[in-house]
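Which chain is which? They are A, B, C and D, in the order written, and residues in each are numbered from 1.
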Amino acid sequence: MKQEISEILNAFKENQKNRGRLLINCPDQPGIIAAVSKFLFDHGANIMESSQYSTNPEGGSFFIRIEFECSELQEKKEELTSEFQEIAEKFSMDWKLSLVSELKKTAIFVSKELHCMRELLLEWQGGDLMTDISLVISNHEDAREIVERLGIPFHYIPATKENRAEAEAKQLSLLKEHEIDVIILARYMQILTPDFVAAHPYKIINIHHSFLPAFVGARPYDRAYQRGVKLIGATSHYVTDDLDEGPIIEQDIMRVDHRDQVEDLKKIGRSIERSVLARAVKWHLEDRVIVHGNKTILF
Amino acid sequence: MKQEISEILNAFKENQKNRGRLLINCPDQPGIIAAVSKFLFDHGANIMESSQYSTNPEGGSFFIRIEFECSELQEKKEELTSEFQEIAEKFSMDWKLSLVSELKKTAIFVSKELHCMRELLLEWQGGDLMTDISLVISNHEDAREIVERLGIPFHYIPATKENRAEAEAKQLSLLKEHEIDVIILARYMQILTPDFVAAHPYKIINIHHSFLPAFVGARPYDRAYQRGVKLIGATSHYVTDDLDEGPIIEQDIMRVDHRDQVEDLKKIGRSIERSVLARAVKWHLEDRVIVHGNKTILF
Amino acid sequence: MKQEISEILNAFKENQKNRGRLLINCPDQPGIIAAVSKFLFDHGANIMESSQYSTNPEGGSFFIRIEFECSELQEKKEELTSEFQEIAEKFSMDWKLSLVSELKKTAIFVSKELHCMRELLLEWQGGDLMTDISLVISNHEDAREIVERLGIPFHYIPATKENRAEAEAKQLSLLKEHEIDVIILARYMQILTPDFVAAHPYKIINIHHSFLPAFVGARPYDRAYQRGVKLIGATSHYVTDDLDEGPIIEQDIMRVDHRDQVEDLKKIGRSIERSVLARAVKWHLEDRVIVHGNKTILF
Amino acid sequence: MKQEISEILNAFKENQKNRGRLLINCPDQPGIIAAVSKFLFDHGANIMESSQYSTNPEGGSFFIRIEFECSELQEKKEELTSEFQEIAEKFSMDWKLSLVSELKKTAIFVSKELHCMRELLLEWQGGDLMTDISLVISNHEDAREIVERLGIPFHYIPATKENRAEAEAKQLSLLKEHEIDVIILARYMQILTPDFVAAHPYKIINIHHSFLPAFVGARPYDRAYQRGVKLIGATSHYVTDDLDEGPIIEQDIMRVDHRDQVEDLKKIGRSIERSVLARAVKWHLEDRVIVHGNKTILF
């Protein structure tokens, strides 16, 4: 199985070897697109997809995401990066050039509820989630068998309020060792310390089981039941220091009715949580999410 | 025009003259359905549609809504009502027998934003909203022309924090004079006093421009914009003393994205508000909504 | 793992041991509900949920589904069944009394595309699909590992146009041996013979990868791409002799746009197929689907 | 009323006086974006929103839509148009430069069912549909009062199979006289001749009452009812010579169930038709729809 997944990932990397992505965020001013598109043209890169957004034409921020094809891209990446520096400085750009063939390394954190992790693994096995799942960390043993069977390292790290510092030290060491790019909290029921969060700015993706900002905090399905809402939802967001207040990446809802008890809401909710988290992760992996203030721009 | 609408309503009343509805709410116990269905059978009524719900089989509440056909129903209504009393007492029922042909009388309250009222009038003219719209009350003159053109009495009653008592006195007098059954707040931007609300229990339907309980209170679109949500919504609910806390009848949402400014959210929101309110009103008019605690049961 | 699933299923069976379902289909006439509800009341059964539908009050068909609780139900099943016979004859009923604790036995047929089977197994492991998955049959070896790991027997039966009779003979023998109640075609890419279909009336559930009746037949995503539709869908239906013409159980759609190539439509489609099939199977397992002519009634 | 609408439209035109749109369609090749963005930059235009699409990077078609702000745009339009000619020729562009402040002139065709026209007028009165509705043409008198009350000329032109040539001659003369840019068939139940269609390429927008390609042709709701679908829909498309086969602009669906009779499907369908047509018209008016082959690109 592990071998089959490797084959899928390798075929993808080979297939996409000349595909690059350029993400830019800078103060808006005339001429940015002209300069960037001229640069790519001059270097033999053909723009395949491009999305942009200005918060406000007069003195606002400008964002652009470009996907391009460029022959011999892997060899030319360094040259492109170095030569783009001049434009970047002229326009005060915050920017990133990445290769589609360089898959992001992912760590999944999970507790006892496994449906979100299962969805990610299901999509991954089917070739619909292009990433290198490097390890799974859990404060329970429940996920071990599923994870190891796919050839993914599984680490059981008990985590409680009391041992938080020690547990996070172990986690950080593993994340560093594996050079992790993205941390996915797939219903991981522990709070992370501000230090842990600060070490991974906009690289930790959480799934919250309500349509935020409704039902921030604990037991959202119980509270949805009490309030008698006709829709329940889930929200995937980047983790920041403020609980459930980070930039929202994706949300979705489903209808419920008066016959649904709390247990039914949880069951329906599981299927929303699964798909919302999977979409948010996919967009992040494709560099489609840009954080701006406490919001996201989705390209 | 007014005549065309009268014709639609009269045809409906004639067509539905033998159609009745029985709504029951009582403590759950075995034998309720058996007793009610035997009663209807013995009186020559044929059950056309029936929905029921028990909150909890052991000692909970039981709700049932039955639509039936019964020849000569208008003549037999009194007899049915009087003879059902025995069963009602045996099972401690809170109940209501109504005739579909006896249209509810509706008053619409509106301010300057007319889209919700326009939707209701559009559905009404098209024969999709079966009610007698008896009057429109507004604290502005904007709606007058549209309303009067359809032959509906329009009453301009200025309303501010200062003259609330006086304005409500006028409103109450009109509602009484017209024997109003339902009050629809179609974006009426004034707060009603507890006395006004108490005089119309679960008969005032409001549309709030957010998916409650998110963004309770003022300026929900501005706050949705600030929070960076990916979905905006609207909620129709019965008005109670707690602002935006009454039993929810219907909610819906639409997707928005980072390009949508507050003005765009409002525009998109208008179309959600319109359809959510129209659905809630329709269900109320068809006696499909039963309030239980602070929730609604929709049959 | 297999043991964990057994534990989930056993806990469910114990928990639901007194829960029964009564499904009835008969010519409509007054007094049916009165008779049935009196029967249940007299036998100490308490109605928990009830749904009914009449195609046409005058001379049409009547359908009802009742869920009830009755102490010692497993012991009393035979008695209830035998005594209900009298009412059934009086009203010419086609009827079925079943126990929730007697799980249906399921066979999954699959080919090379595994996403639908994976979804069913994921829901099953999570306790969201209550059935006894007795075996998986495939004309390819791809699914073997996943299936056997869960302790489910896997049978590889090569199937081509040429060996259809022989292959179906093997399949039928396995289905008989395992006393299968439901056959799920989870993207099984072989056509079944009329004899095979006739042997399992309304017991074979298929997933078709389009919103029927659009794109009946082969290659629906290619044709959807050619037509430039803005929505793609999937349809789950009972298999009959007419290809893709059987009674529809469930359908759903997702939005697509001009950027989506055929491969993207397939990817998006996979996630619709998964959830549509899972919902249809769940409703079938809960006896919520009644076939009437070429349509389904969903309770 | 008419005056209020004029005020809304005039405020919009004043507000948007410096906003322009550039739509381009040409064979794909490197350097297009670089050239266009340099041109706009050199002429003092600031790109506010830009969307592009390539059918196929190697030898395919390239499409771009740019919204820009440029001071004194109304005065500079001619200069921009003339100077862009050089780039257009170099890249073999099919292109159009338009001013947001130059509202398109619209004619609505309607028959007896008025809900789609009412929706358009409702959005228009609310400032959500920016166009100059120049006239309404109908083969019935039903719409006259509503239309004339808003100060829009109404023309009753009886249309039957027999008098088609004569009726279309009158229609064409009116369309010419009013210099109509867009024709909206808001449930106009007459077939247009190939000559009429050919005279308005991709300028006639129809609403078909099914999710095409399901239920092409007449009586789609009756056929949807017969087939037992669980979703019904509506499709807005450009009219071409092939009935219901033109490029699709927008589609949407709503759920239905076994209780819905044909009349219910029509009622539910009316609300889908209304919103689908309104969205399609809005996108067309904002130059967001580009036809490519028999499909649309929506920017």
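Keep in mind that, in the parts below, a contact is a pair of C-beta atoms (placed from the backbone, for glycine too) under 8 Å apart; a residue touches a chain by one contact, two chains touch by 3 or more.
Which protein is which chain? UniProt says A, B, C, D = Formyltetrahydrofolate deformylase.
A quick note: this is a predicted structure, and the numbers were derived from the prediction, not measured.
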Proportion of interface numbers common to subunit A and subunit C (over half same, under half different): same
Chain whose average C-alpha position is farthest from subunit D's own: C
Geometric centre distance via CA averages, subunit D-subunit A, whole Å: 38
For subunit A paired with subunit B, centre-to-centre distance based on mean C-alpha positions, whole Å: 43
Multi-chain contact sites of subunit C, meaning residues that touch two or more partners: 49, 259
Of subunit D, residues touching subunit C in the complex: 53, 211-215, 227-231, 233, 247-253, 257-259, 292-298
Residue ranges of subunit C in contact with subunit A within the complex: 1, 49, 114-115, 118-119, 122, 125-126, 128, 145, 149, 259, 267, 270-271, 275
Of subunit A, residues touching subunit D in the complex: 30-31, 33-34, 37-38, 40-41, 44, 46-54, 57, 69
